[in-house]
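Next come two complexes, and both contain chain A; in the first it sits with chain B, in the second with chain C.
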Partner chain A sequence: MSEQVADAPQDSPRPDDHEAGAGRDPLSMLFQPGAWRLERRLHTRPVYELYATLIALAITAVIIGLLVIIVGVSPLDAFASLYEGAFGNRESALETLVQATPLILTGLCAAIAFRAGVWNIGGQGQFIAGAIGTWWVYDTMPGLPAPVLFVAMFAGAAVFGAVWATVASVLLVRYGTNEILTTVMLNFVIDSGLSWLLSGPWQANDTPYSQTERMVESTFLPRFFDDSRLHLGFALALVMVAVVHFLVRRTTLGFELRAIGVNKQAASYKGVSVGAAIIAVMAISGALAGLAGAGELLGLHHRINFEFGGQAVGFTGIIVALVARLHPAGVIVVAVAFAGLINGATQMQVGTGIPAALVDVIEGVALVLVLLAAVACRYRLRKIAHHHG
Partner chain B sequence: MEDFFTYSVILGIFVATFKIATPLLIAATGELVAESSGILNLSLEGTMTLGAFTGFLVANETGNLWLGLVGAAVGGGALGLLMAVMTATVKVNQIVAGLALNILGLGGAFFWYRSVYEEGGAVAFPTVDRFQTATVPLLSDIPAVGEVFFDQHWLTYFGVLMVPATFIFLNRTKYGLELRSIGHNPEACDMRGVGIISRQYTAVIYGGVMAGLGGAYLSLAGGNQFFDDIVAGRGWIALAIVIFGNWRASWILGGSLLFGFLEATQLSLQASGVDLPYQLLLALPFILTIVALVLNRSRSQVPLALTIPYHRGER
Partner chain C sequence: MADTDQSGAAAPGENILVAEEVTKVFPGVVANDSVNVAIRRAEIHCLLGENGAGKTTLADILYGVYQPDEGRVLLEGEPLELNSPRDAIEAGIGMVHQHFELVPPMSVIENVVIGTQAKQWLDLTEARRRLEEFFADYDVEIDPDAEVGRLSVGEQQWVEIFKTLYFGVEILILDEPTAVLTPQGIDELFRILRRMRDEGLTIILITHKLKEVMDLSDRVTVLRRGKVVGTVDTADVDQRDLARMMVGREVLMQADKAASNVGEPVLEVEEIHLESDTGRGSLDGLSITVGSGEIVGVAGVSGNGQNALFDAVVGVRHPETGSIRITGQDTTESAPHRIATLGVASVPADRIAQGLMMDFSVKENLVLGNQRERQFSRAGILNRGQIDAFAAESIDTYEIKTPSASQITRTLSGGNLQKIIMARELSGQPQLIVAHQPTRGLDIAATEYVRRRLIQERDRGAGVLLMSEDLDEIFQLSDRIAVIYDGRIVAVTEPDATTLEQIGMHMAGASDTDRGSQ
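And then the complex of A and B:
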């Protein structure tokens, strides 16, 4: 507060300052020492963060436009075909929501862990663990009646995802092993594990391919419309957003995880059991990614095959969470936008010849700029008193 | 199993140990310098991939492998520069910045590769005439020892030499010691007038260049083409080796060689048709990396200010 008081007189520049500056080139004023000063804001209003994110995304569009020009395509054509493929008509818009479904869940997975300052990079592995858990329940409990089976399969997915994440959190809490590295390593481990399951114990009898049998139709998630693949998993993902929002904002665990995210030591002085909170948040985080795996399996693919993990939704979820600034509701918006990019990129490649991998660049550039913008909006450029001569 | 323990197989494992360790050594010694300045660069995987690509691109376009190495250094260094801007100047959270640049490096390499080499939706998989091993005269004629130590790629000799070089730089030169003191106590260095930001830029860009060169080993010496999954987790393993090695150059050599040895053994077990699911062997390096991190929990040499951004006049 004292800083604000001390600065207060300078806030209203004297009239002669205005006159002195009037005839000058604004750029040279900017670089003249003492004329302008970059200073930290005492309070950043949340809405600034939103503006900063939007500006960052606009700059991303400009940079990508330039890149598209370099490749030799008109950026207007590229963006038009990207948009057409993403939201151009009912069919593609619904398909975008289909693609957004797992990204919402893996985005939440990253967001809740990052909120707590626990760097779960293992969403991809936990997503696969979820699919494995779903199949395991399906495979071992065939006699269950339909509603119970659905609950059991989703529970299996959540538990498997949570367990795979807990491997890393236990090592972190017990031995201080860097969770970034362990979660990344666990992604590779479960890739191999899945490959073993698909070519061994779970391999379908009738094919030479590494894949499971196709699930029976009674286990398919219901779809909303006859002409779209949009399934109940999308609604589940939205419900989980509300659940996570409630959890973070309205529960003791939510308070604890935000507290350890800000300062672990201070939180522990305040009586938060940091280890227990880390274990809990990682389990929830892993369970969310696991649910994404169940949704994809029961809603879309109905069998696990080699390409199941190839969509890399776990990694994209990290970008979704960070661009959304870890806000659960923001995760929906960003997940739908990124799903639109992924969906539209296929059409763009067919229409304009630009490789669909442009999406990877867009994601990377957008993330870098959003991060820079988030820091930038904590500062302001202010004109300060001028020294003549 | 008996034919596994033959002279040629065991010799082959030792030769391969150095080949597999090379990209890890180059990337990990570079990361050690970056981390010594207090900046954790998590983007090694993406940086190595970008370096593997830019190296391949330049080598393929010019027909000169050495220019390819320059291209890899520039590609890796550019990403390192971006990392330095984000962390040393703007002071974005280092973990988040590293993850972001990791994605940018991977995405950039994937997109660039396709926009150059993709025709009508299919990639032609071009190849380069890769580096041959550089045989040291006379010494390479020593039985066994010659083949393991004196008939390797230039980049392998370079990677091994970087270990003592990095040790001497960080422990015996003024600049290196200043770098390490920045990583431990930036406030004190700032008061002594040691420029923090310029040194962090140097260290992080150097780390990026080395990661790029490590990636180029994979596309120009170990193999002769680029593909999306070329780095296959080695960037993350290099990061783990720095931690496992307790931020000491000599232990990084040990860690890289240990990893190379286990991986080489695994590969030759696989080739000898031993009765184990090959997926277990594929997962082994990653499982062992976790085990190694758990077993070697010594953190005595960690730069104390690692990942903590330095703001002048703030605590």
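And then the complex of A and C:
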């Protein structure tokens, strides 16, 4: 290389010295047709993706603000009460982390599968499978000493989640069945399965409701503080983020699953067993959602009823993963932000009358804008030098 | 060496397209550094330079894909502002890229007409008339209604060229057009390019083959590391001069080779049949054997089963009948990952589709496929230190031009992509090397290096199955030559016992006409 330009500015247009000096009005340059144009860029630095994501989220806030104005509420009031409910005080901040816990895990579930180009939309079903697995271990192995029982219950959750995802991956690998369709259908199947369990074999004796018994207190996950529901599951979720990050970046399996996500054909020519990698990544993905189910059951609900999974954390996890651009660490940030939105919206509804369903709109707008930002990252805006005589 | 006239020195009025002080910077690379080139009307002007010298970037600037960071482009003396290829086409400049941009499921005529019609409806009759005229005029036999995906690579290139000419351009830029052609195809292309030049077309041609530069061009501009070394009249120089200008030192043009010492067979392919289901060709009872310590060259016009043979050997497709043994083990039904563990290295013809992860870093591509080797991982955990060390070493020995080992592969130049594959595949002492066009797109120094390495591997005891359309390469490297035609090996001989012409005749098969029918 004749010359190394270590830090060439690429995002912002390069200041064009000999012309800027010519005393042109920068604003008129900006609006002059053809003065700026987009150029395809083959390579983006991660920082720029981060900036673009942040800009997208800022635009989301503006759009939501406008919506709120239309409803007739001051956006400042709305955002203030949203913030208050999400992070305004110790209590609400901790509660936001409680909500974020399953989202982190289902976000990881989607992120790792999407990395491999496998479209696992079944996080919700695998989440419920995880809860079922937990209960099954609890129900069938009552004699286990506490620490072993905890391990066994989480293992059961992971295995059930993994197995449920594997149904789809086996169909994909053996018969080429589209995994989007199968995972969505498996969500419905397990819902029905759960209803049957709750109104039959696992129904509690003392109630007319479709629900299990309440679990014994020794199976409750320890909580961090006396005044908050924040439980050990949150720490587990953070550990899983580190595990997934390590898996994706530092292991041969991670290397191979990224490879099939990028170019399946070249991967198979280079001896990567594509089928095996798909089975592995789906099992891991399902296990992560399964762990979310265990965490919710053992940390919060302590029984399964037909409302279990009503928060649709499996589906929100997909959005979390996409907004986080499939980065494990990003999943934490986005999951916490979304959890804050969910909690804050309740407060906002009480305070300002704006329906809490606004959260869904926010999530949707954020998703679209972040995906647009991802595309925009592949271009660079540059000024065209004019040489008209 | 001949004196290098500075581009500005050409008589005014004669120059049609001029790049003036053009600089283009990519993150970490100055791809073009104050480049001055003057293209004269109705000349064939070659751009020559090592891999990564900035040829494609310069062409892309002339064609409006990129805008120069500094400097400007002049057309007939007037500053030209190109914001997109569309602007370039309107200004009369067309380009055929290294990787084609055709729509495979559409017909030739539809591909030609795409983007040319201002009207809402497609006027195919008029287009057909003009196209048929073109083809008849230049003696090119292509059916305007044929589906482009079914044409050979050479024919697709014609479609690209005619598509460009259909826009009525006056300047035609061709980026490595001969890399995909057979010797006959190259002759035909050159015949037509010369005629087009004589009719007033200005042609800018990028190639690595010095013989072609000498054959065809009027003038040559040599680039090195983004800078212009000089522009010379082709008549004033020889290949050696050009090589020296390009590389900055003397280049050995011949790879020496001792007699082969053939051992046990490492590849035995017996009577395999393979149906064409993927568009990658079929085999019809093909047999071939490669011994250790031997290079077997497979000569053939592309589309006669080379891809199918490649796929069958590396295990991506399995033959319906017949058998394949690698180092004595039956691999007829084995999966690619099993076959890879037998010490099989493979260089696919299409480096982007089958050889690389364009979104991975350079170093990740350098270990792709070997990630489970003890050298690069233990217990499933990647050994980053070893990977970095190996990458640094490969980048050094193969002179891969990249700002760093962590650079995203997509940004590398065509030849440097090929270097990544060669560095990867020739590491790790393979028993069998299946190489399809291993030097495609490589500059002369890299080509000679790769050929020398293949011979070294042979001398070490590896068997090499070399598939190439470059007959010079086949003759230079092979201990035995096999000709593939219509899914079968139709002749096996030794390089000393045959001639280029004889091989060429075998390649054309019994009659020339039944090639398109498969």
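Following the convention adopted for this analysis, the second predicted complex is superposed on the first by the 348 of 389 C-alpha atoms of A that agree within 3 Å, B and C clash if a C-alpha of one lies under 4 Å from a C-alpha of the other, contacts with A are read in each partner's own complex, and residues count from 1 in each chain.
FYI, a residue touches a chain if its C-beta (ideal position, glycine included) is under 8 Å from a C-beta of that chain, and two chains touch if they have at least 3 such contacts.
A quick note: this is a predicted structure, and the numbers were derived from the prediction, not measured.
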| item | value |
| --- | --- |
| Touching partner for A:H245 - first (chain B), second (chain C), both, neither | neither |
| Chain B versus chain C as contact partner of A:L253, first or second or both or neither | second |
| Touching partner for A:H301 - first (chain B), second (chain C), both, neither | neither |
| First (chain B), second (chain C), both or neither touched by A:R223 | neither |
| First (chain B), second (chain C), both or neither touched by A:A266 | second |
| In the complex with chain B, residue positions of chain A that touch it | 71, 119, 121, 171, 175-178, 180-182, 184-186, 188-189, 191-193, 195-196, 199-200, 315, 318-319, 322, 349, 354-355, 357-365, 367-368, 371-372, 374-376 |
| Of chain B, residues touching chain A in the complex | 42, 82, 86, 90-93, 95-97, 99-101, 103-108, 110-111, 114-115, 118, 121, 233, 236, 239-240, 243, 277, 279-280, 282-283, 286-287, 289-290, 293-294, 297, 299 |
| Chain A - residues contacting chain C, complex | 1-6, 8, 10, 14, 34, 37, 39-40, 42-43, 45, 250-253, 255-256, 258-259, 262-263, 265-273, 382, 384-389 |
| In the complex with chain A, residue positions of chain C that touch it | 25-30, 33, 65-70, 72, 79, 81, 83, 225-227, 314, 316, 335-337, 339-341, 346, 348, 353-360, 364, 368-369, 371-372, 377, 380-382, 384, 401, 403, 407-408, 410-411 |
